[in-house]
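Listed next: structures, encoded as structure tokens.
Next, two complexes with subunit A in common: one pairs it with subunit B, the other with subunit C.
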Partner chain A sequence: MFEAIAFYLFAVLTIVMFTITVMTSQALYAITAMAAGMIFISAFFFILGADFLGAIQIIVYTGAVMALYAFGMMFFDTTRNVVEKKVNPQIVFVLGVLAAVMVVAIFVAPIISDNIQALYPIDPTIGNSQAVGMVLFTKYLVPFELAAVMLLVAMIGGIIMAGKKMDKSLTLMAEEEIGMMDDSYRAEEGGH
Partner chain B sequence: MDVAFIIETIAKIVVILLIFSALAGLGTYFERKVLAFMQRRLGPMHVGPFGLLQVAADGIKLFTKEDIIPQNVVKPIFKIAPVITAATAFMASAAIPFWPQFTVMGYTVHPIVADINVGILYVLGVMAIGLYGPLLGGMASANKWSLISAARSAAIFISYEVITGLALLAPLMMVGSLSLVDINNYQAGGITNWIVWSQPVAFVLFWIAAFAETGRTPFHLVANDHEIIDGFGTEYSGMRWGLFFIGEYANMFFISFVIAIVFLGGFGDGTFAGAFQLILKVAFFFFFFLWTRAAWPDVRPDQLMWLCWKVLMPIAVLNVVVTGIVMMF
Partner chain C sequence: MEITLTHYLVLSSILFAIGLIGIMRRKNLLMLFFATEILLNATNIGFAAISHYIGDLSGQMFAFFIIAIAASEVAIGLGLLIVWYKRTGKIDLDQMNSMRG
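Then we have the complex of A and B:
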């Protein structure tokens, strides 16, 4: 009974949150509703007994959405509404409906056809963090390693992009020095 | 699910809520007294014996103060931000084993609300959501200083989450479990079995990161004191402002529990002496938060980032690698 109550409560909450994310024109509402929705999704993992995935869902998405907030702060005045320029609403509508139908089809297909079996059923004698680990390091080892390499590439790329003039600290410079740096930078740009 | 279990769980939740919201209030009293003695002042002393009722006076003041919602703020977000900080602090406590199990009149009580097997991940994850409070409060309150403070809180969060995770990884590799009860039982053999002896580096790193996670003084950048105003809390008044503080102090207590359980043996073998020792350890860590505030100035944001990415993170990674090599051979 409690599982049913929890499921319907969190289902409604999640749908409401993501509806707000899509519908609102206020950047702050959108990001906050998205963070809340992502965290509410973890409830489904907990209901299904996948504690590890639930906790990971919370940790990963609080961090990821926090980075979105940083972008929100940079690009928008978050206390005002964002005016969107809608060039062609019909295309957006059609593509949106198509995407929704496709997602529903993907999730309904296994239920209808009924021939998908769990190849790695949960072993009740081990905890579910161990279960995740065993699947990750046997069946999904190659995708796992590939993801690791891709993340490494992204990290190196990020360091190179952000690494320019990293040895100089604006906080420690006097106003004039910053001005001079600005001028020399401009001269350099002009020279090219 | 039987009725006894439901009643027990609700009772535990109520007890934890009552104890820790009261402790959060008392925490402000301790903080003012400790700071006062370290700075050769007397601290609160007029309300009640030794100023103990100052907490009640402050509570009445905060509850009865007008709840001002300034113009131009994003109202729903502005209103919910302090609730997030306070609520997530208490939600995080659900997976902390506060005491060993004990028997009252033939009924065994487990002083942990939900003994999930990924306790430590859950506690730290939910505690981290608490930082959304300052972030949202700052972004919603149409005030430039609040916004800057919110930006700082996001920066601290994103950086120090890395240190917390990497520092914890090494002890977790040794224990082989994410459950706080298992971590505690791993060290049940006594003081020589404490993880702090085999993982001193991880202990220090985690302790430093705890200051950042709770936003305490060397890293108190969410409400930068040098700006004289209160950072994200500038536009808040009354109990909404108070909720931020309940959340902060509750977090200090809970993170002290986590440090004590993970690194310093927790409640040991589960006897009464062990439980009492856990309280002492938590009290020490809480006191250390206050001690640091009296002894150290705040660091600058760029120093904070330097410390995180150029000092602590490499050490944490090295620690994990060395632990792995030692465990393998």
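Then we have the complex of A and C:
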């Protein structure tokens, strides 16, 4: 009973928050509503018994990802209203068909999944974090290491792209000056 | 009143549809990133729900890797977006036509 109440409450809250994110014309409303939606999504993970995943959702999404977006928005002009796209009917048609196929697949999935056997059954005697650790560091060790390398590459890429020439403001320079800077930079690179 | 797997899958597909609507109607690239985050979160709910109802931990593992991919996507994407904004002063999708696509 309480599970049902919690599910419907958080479902409505999440859908409302994400609708605000998608529909609003203010960038600040969008980021705030999405942070709230991420927190509400972690509630589903706690209801489903995936405690570790819920904690990670709060730490990574509302901690790291949202902070990155807020940091990025400091660079952009957020007071201006967001202009909406003029809809291309072909793209809408293709995406609509894809979405319809996907919805059919989702609703068929439980019927197919009757035949699925659990490869790594959940042991009720140990906690979720312990079980996750045991599976993650045995069966999924190689993907885990690859994900670590991927995060390292992404971190270095982000630092290099956002932090290059921080002493010069590219927004205050004329187009020719930026072009000249690019040329001198290329000459420097070629000289090495 | 029992909450079944279908409830979670319906919720997941509704959130995915909201994300698709966002991708279709946004022109600002930052707002497009928000919509992709919604898509990734919708799939995460589906993975966690299936993991719970089948009694298998693999779904949660995939959700972890999706979160890792989302984090690196944000880092790289925001880096590129900041470079683009420094050079042009706008982050509109229609303006990115230098490749004549």
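Throughout what follows, the second predicted complex is superposed on the first by the 122 of 192 C-alpha atoms of A that agree within 3 Å, B and C clash if a C-alpha of one lies under 4 Å from a C-alpha of the other, contacts with A are read in each partner's own complex, and residues count from 1 in each chain.
Keep in mind that, in the parts below, contacts are C-beta pairs under 8 Å (C-beta built on N, C-alpha and C of every residue); 3 or more make two chains touch, one makes a residue touch a chain.
Owing to the predicted nature of the structure, the values given are computational and were not obtained by experimental measurement.
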In the overlay, answer first, second, both or neither for which of subunit B and subunit C A:Met73 touches. both
In the superposed arrangement, which partner chain does A:Ile56 touch: subunit B (first), subunit C (second), both, or neither? both
Thinking of the overlay built on chain A, is A:Ser129 touched by subunit B (first), by subunit C (second), by both, or by neither? first
Between subunit B and subunit C, point out the one touching more subunit A residues. C
Thinking of the overlay built on chain A, is A:Gln26 touched by subunit B (first), by subunit C (second), by both, or by neither? first
Taking the superposition as given, does A:Met34 touch the first partner, subunit B, the second, subunit C, both, or neither? second
Touching subunit B in one complex and subunit C in the other: list those residues of subunit A. 1, 52, 56, 69, 72-73, 169, 171
Counting only contacts in the complex, subunit A reaches subunit C at residues 1, 3-4, 7, 11, 14-15, 18-19, 21-22, 27, 30-31, 34, 37-38, 41, 44-45, 48-50, 52-53, 56-57, 60-61, 64-65, 68-69, 71-73, 75-76, 82-85, 87, 91-92, 95, 99, 102-103, 106-107, 109-110, 113, 116, 118-122, 131-132, 135-136, 139-140, 143, 147, 150-151, 153-155, 157-162, 164, 169-171, 178
Could you pull out which subunit C residues touch subunit A in their complex? 1-3, 5-28, 30-31, 33-35, 37-38, 41, 44-46, 48-52, 54-58, 60-61, 63-65, 67-76, 78-83, 85-87, 89, 91-94
Which stretch or stretches of subunit A touch subunit B in the complex? 1-2, 26, 28-29, 32, 35, 39, 46, 51-52, 54-56, 58-59, 62-63, 66-67, 69-70, 72-73, 78-79, 127-129, 169, 171
In the complex of these two chains, what residues of subunit B are touching subunit A? 1, 72-74, 76-77, 116-118, 121-122, 124-126, 128-129, 131-132, 135-136, 139-140, 142, 147, 150-151, 154-155, 157-158, 161, 177-179, 300-302
